[in-house]
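These notes open a run of structures that come right after.
The two complexes that follow have subunit A in common; it is paired with subunit B in the first and with subunit C in the second.
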Partner chain A sequence: MSLVTAHLRRAGVIFRNEVLVLPSRIAVLVFILGLLLLPVFTQDSYILRILILTSIFALLAASWDFLSGFTGQMNFGHALFFGVAAYSTALLNLHLGIPPWGSIPLGALGGVLAGLVVGIPCLRLRGAYLALTTLSFPIILMGVVFAIPDISGGELGISGLARLSESRVGDYYISVLLMLVLSFAMWKVTDSKTGIILHAIREDELACRAAGINTTRYKLMAFCVSGFLAGISGGAYAHVMRLAGPSTLEVAMSFQVIIWAVFGGMVSIYGPVAGVFILFPLMELLRFIPQARMLVFALLVLVTLLYMPEGLIPWIRDKIETVCPRCKARNVASRSNCRVCNAVLD
Partner chain B sequence: MRRLGVLGSVLLAAVLLVGLCGTAQAVEPIKIGVAGPMSFTQGQGHWNGATLAAMEINAKGGVKVGNVKRPIELIKVDTNEFMSIPDATNAMELAITRHKVDFLVGGFRSEAVLVMQDIAMDNKKIFLGCGAAHPELCTRVTKNYNRYKYWFRITPINSKFLGKVIFIQLGTVAAMMKQAFGLKKLSVAIIAEKAAWNEPIVAAAQAALPKMGMKVAGVWRPSPVAKDVTAELGAIQRSGANIIFTSFSASVGIPFAKQWGELQVPAPVVGINVEAQKDGFWAATGGKGEFTQTLNTYARVKMTEHTIPFFDAYMKNFKEAPNYTAGTYDAVLLLAWAVEKAGTLNSDKVVPVLEKSKTVGTAGLLAFSKDHDVIWGPGYVTSLGTQWQGGKNMAVWPYKWEGITFEGTVPVKFPPWVIKRYKK
Partner chain C sequence: MLMDIIINGLINGSVYALLAIGFSLVMGVARIVNIAHTAFYMASAYFIYMGFTFAGLSPLLAMFCALPVTVAVGLACYRLFIKPIQEHEAAVLIGTIALAIAIQEAFLMSFGGSFLGVPPLIKGYTWILGVKVTWQHLLALGVALLVLLAVRLFLMRTSVGLAIRSTAQDREVANLMGMNVTRVAMWAVAVSVGLAAIAGAIVVPLVVLDPHMWMHPLIMMLAIVVLGGLGSIEGSFVGAYIIGFTEALVVFLIPLGAFLKDSVALSIMILVLLIRPEGLFGVVFEEER
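Presenting the complex of A and B:
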């Protein structure tokens, strides 16, 4: 009993000293609590649908950031992982009767396979060449989808999938929890030794190899992890929509992901998540001006990137927090001394 | 005492006024969601057709539900379905849960309509399809009647029948060629834009032509956005094709028709050319698109007694000819009729009325098969073939087909260079 109390007390101390001291962490906490408690206040099916899709796309955008932001493997065809997993999930569910809890992770393995298929030939490519090569893969697969309509359903796709759960609230919690847990896991990986290596590969791959790091293995791992997580979002999407169609492979889908991630802030995981949570519901709010909807969206993204080239969330974070020049700990911008080492802040 | 009397009168008047207002407020409008990609011509057609129908119904006082006449209120549901399927589903959910629409009409892209259909069925809302032609949308009604019985297709006829109509029109032109020029065996060039939806059409044409006693001269697949198809047209001319069978839905339909006219390729054109269905086609081709024939839904011919008044009203209000998504006009009128007959807005009671309905629409007699698909055939909806003649898009088919010739239909005309080439 005393052990439990000790752990609780320690958790309380960490919470007080590590979470409540920084506005960004408080914002994340409020965001998570808000998402988890929302159905207590409203079960409006429209709001829940928006947030279900937002959560699914947030996971997709974060998975793109893991590959392209952290590892620097600029992927312009991220819809491939999403689409392959959506189709795999649909086929598994429809033909083998595997329920969503099985079809989604198994379908995501299709995303891993796609990651390998793309990753291996792209190992030697960089920059624009890599981006253009990755862009071609979903286009090729789209052609395959139309060439085998008996399996893929052709232009109509595969429909009639089982629901993600029995209720909209159930769908909501599954999507939100998947997004929160997997995004947190990604964030932890990027904060680990592996994450540092991924950073290093992006900054100078040659130096990494000179330091004895098997960059090929890490790059392939990044492709597979990103493919798996994008695949989870693709599978969940297929079950929510009850359809896996050619639109999951469209070039527009790949670019949409990049816009969300770049708007929110690359190389952060939480940036792309925030980007989707701002832009996707915003498009719904803009329904009252249907003619100018896309224009306002484009202007907003343009202005944000013009004045906040690193993305919205890093810009806000830099305004409200400062990094200690000595110990690199983050502090509230209003502090004059570091909360950890007491060094004078700029 | 007198003051109390005045006060009493004022109070009485106020109560009466509130009562009257209450009665007026009790007449709730019937809300119909018009779902379509509103930034595109297809969505505009959806909206315009429904608007025209609502104007007509409301001018007559509304729809009689029980003893009360209720006006129609249209809700614009911008599905943006060409760009984003999630957008389409969100728009449907918004219309049903927030705007509380009673019925839905519209839809265009088959993949999106499948998902939109599911949302409507989840909420037991009657959804009259006016744009997507895929048979699967109606097959679902047969597979799971209790869930999908709220879906009906108004327009277009399903893609299987669309294919049938194109080949009938091709057969008609071929018969005319044989008769007019004494040709024995014809060869046909198939030219279809490189798009997924064209794959089954090209395959069907390659299979059907030999069965129809014609030879396939070759298959050409230009880009949907090609600006120059002179290479294809040159190759077609060299192949010795007697007829060109087209299948275009994108902008390539304009350069094709223009360059076909400029090069005077000696083979008449028949098939689908969506650009040739539009009013702007004549100007876009500088008149060179004359004699282009295409499958169509509306022209100013008397398919039924409602067609010409509808066509004229549409032209007057929207300054353009209706495209097939304007079939929402028939959909809204049919809903109003069915609601009056059922005496309620309850979907479960309106569905049996719609199933048994046989109403005269603007494109023919509207009736539904067991899978809630609009019936195609002589005496029902047949579709049209139109040809540009002297700057006007004239109906040329059906012409003496199964005994049907709509008033205002004219015979197909061959271009002078075709006549010159084959006339002995």
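Presenting the complex of A and C:
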């Protein structure tokens, strides 16, 4: 019993000293608690539906950031992973009758396969070549989807999938928890030794290889992990919409993911998540001016970029926090001494 | 059938060549992957339609008026939105995407999603080898080839062309040699948007206008520049005809070809990249760190 209290006390100390000292971490905490407690206050199915889709797309944007932000493999065709997984989930569910808890992970394996198919030919490509080549894969698949309407349903897609869960609130918790847990896992991976190697590949692949790192393996791993997570979000999307259509493969979809992620701030995992949580509900709010919706959206993105080219969240983070020059710990901007090593902050 | 394929392939190829060369110029000189490039092609087509319908100009006059307007709009967009964030690669990327969407939506708002058209400059048709070919198609082909020749001369014979080529080759050294790289970039953007506007003027009597007409040429253009090698003018030229003819062949010969034309063209691009990662005529850029 005393062991349990000791552990609890230790967790409390860590919580007080590591989480509550930084405004950004408090914000993340409030955000998570708010998401989890929301159905207690409102069960309005329209709001829940928006937030379900937002969570799914947040996972998608975060998986793009894992591949393109951290590993630097600029992927313009992220819709491929999403679409392949959505279609394979739909086919598995409809023809083999596999329930959602089985069809989503199996469909996500389709995303992994897509990651390998894209990743292997793209190993030798860099920068703009890579971006433009990856852009073409979903378009190729889109042509095939239209050419075999018997299997893919053509323009209408595959409809009539099983629901994700019995109720709207159930759907909400499944997608929010999936997003939170998987994004947190991604954030932990990018913080680990593997994450440092991925960083190094982005900064200088040649030097990385010279240091004895098998960059091929790590790049393929990044493609597969990103494909898997995008696949999970694609499968969840198919079950929530109960439809897998060609819109999941569109160029506009790939572009949308990039806009969300870069607007929120690349190379941070939480940036793209925040980007989706700001932009997607905003698009719904703009419903009262239906014609100008996309125009306002595009202009907003353009103007934001002029002032914060690094993205919204890193800009805010740098305003409210500073990095200690000596020990690299983060501090509130209002402090004059580092909270860890007491060095003078400038 | 054969004649259809040849004529269509030549026209598609020439229009794609105009677009791809413009894209390559900006890509090479300013290092901008300009997704909004074909949006200017669409803008030019719409300006011609506006000049023809609302100002009552003749189609030819409307084309000549639309060209400077499009270039001005393009330069303004570059100065306002792209230049301030030019150093941030990712920001430029979504900046141009957002710009393209903004242009698309602006036209969608003012004209709606309906299909519009401009009448051909010359009516009638002729028979070549037993196939009916409209004069308008032949005119489009002739103009496209003339403009391509003019671009070639501009790049090879004028001092601005020399400046553009040298900046594309090595930005730093060009700067060190006392060249005003910023002004060269402005020139490149102007020429590039101008080429897009000419491409728009060439296709406007042949196609229907709708606010999504920039998407398909964009994909084809990207396939071409990657196929030919980024920043290479010859590569863009050759790639454009390869893709143009592929498209025509697939549409005419394969059942359901209209769905598969993108797939086949892009598959060819990927096959070429598997063998030569820097494209057909690719210049292997010095490692830029």
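As a convention for this text, the second predicted complex is superposed on the first by the 346 of 346 C-alpha atoms of A that agree within 3 Å, B and C clash if a C-alpha of one lies under 4 Å from a C-alpha of the other, contacts with A are read in each partner's own complex, and residues count from 1 in each chain.
Rule of thumb we're sticking to: contacts are C-beta pairs under 8 Å (C-beta built on N, C-alpha and C of every residue); 3 or more make two chains touch, one makes a residue touch a chain.
Please read all numbers here as calculations on a predicted model, not as lab measurements.
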Query raised in the report: Does the subunit A-based superposition show subunit B and subunit C clashing or fitting?
Result: clash
Query raised in the report: First (subunit B), second (subunit C), both or neither: which does A:Phe263 touch?
Result: second
Query raised in the report: Should A:Ser247 be classified as contacting the first partner (subunit B), the second (subunit C), both, or neither?
Result: first
Query raised in the report: If you stack the two complexes on chain A, which partner ends up touching A:Arg339: first (subunit B), second (subunit C), both, or neither?
Result: neither
**Report entry** Dominant toucher of subunit A (residue count), subunit B or subunit C
**Finding:** C
Query raised in the report: Between subunit B (first) and subunit C (second), which does A:Arg25 come into contact with in this model arrangement: first, second, both, or neither?
Result: neither
Query - Contacts of A:Ile139 with subunit B and subunit C, given as first, second, both or neither - result: second
Query raised in the report: Once the shared chain is lined up, is A:Gly157 touching subunit B (first), subunit C (second), both, or neither of them?
Result: first
Query raised in the report: First (subunit B), second (subunit C), both or neither: which does A:Phe255 touch?
Result: second
Report task. State whether A:His199 touches subunit B only (first), subunit C only (second), both chains, or neither. Result -> neither
Report task. Report for A:Gln291: first if it touches subunit B alone, second if subunit C alone, otherwise both or neither. Result -> both
Requested in this report: From the options 22-30, 94-102, 166-174 or 202-210, pick the one stretch of subunit C whose C-alpha atoms clash with subunit B.
Outcome: 202-210
Query - Overlap of subunit C and subunit B interfaces on subunit A (superposed complexes) - result: 146, 291
Report task. Would you pull the subunit C residues touching subunit A in the complex into a rising list? Result -> 27, 33, 35, 81, 84-85, 87-88, 90-91, 93-95, 97-99, 101-102, 104-106, 108-109, 215, 219, 222-223, 225-226, 230, 256, 259-264, 266-267, 269-270, 273-274, 277-279, 287, 289
Report summary line: In the complex, subunit A touches subunit C at residues 74, 121, 124-125, 128-129, 131-133, 135-137, 139-144, 146-147, 204, 206, 251, 255, 258-259, 262-263, 266, 291-292, 294-295, 297-299, 301-302, 305-306, 309-310
Query raised in the report: Contact residues on subunit A for subunit B in the complex?
Result: 44-46, 49-50, 53, 146, 149, 154-157, 159-160, 241-243, 245-247, 252, 283-284, 287, 290-291
Query raised in the report: Inside the complex, what are the residues of subunit B that reach subunit A?
Result: 38-39, 76, 78, 83-87, 89-91, 93-94, 97-98, 110-112, 114-115, 118, 134, 136, 140, 196-197, 199-200
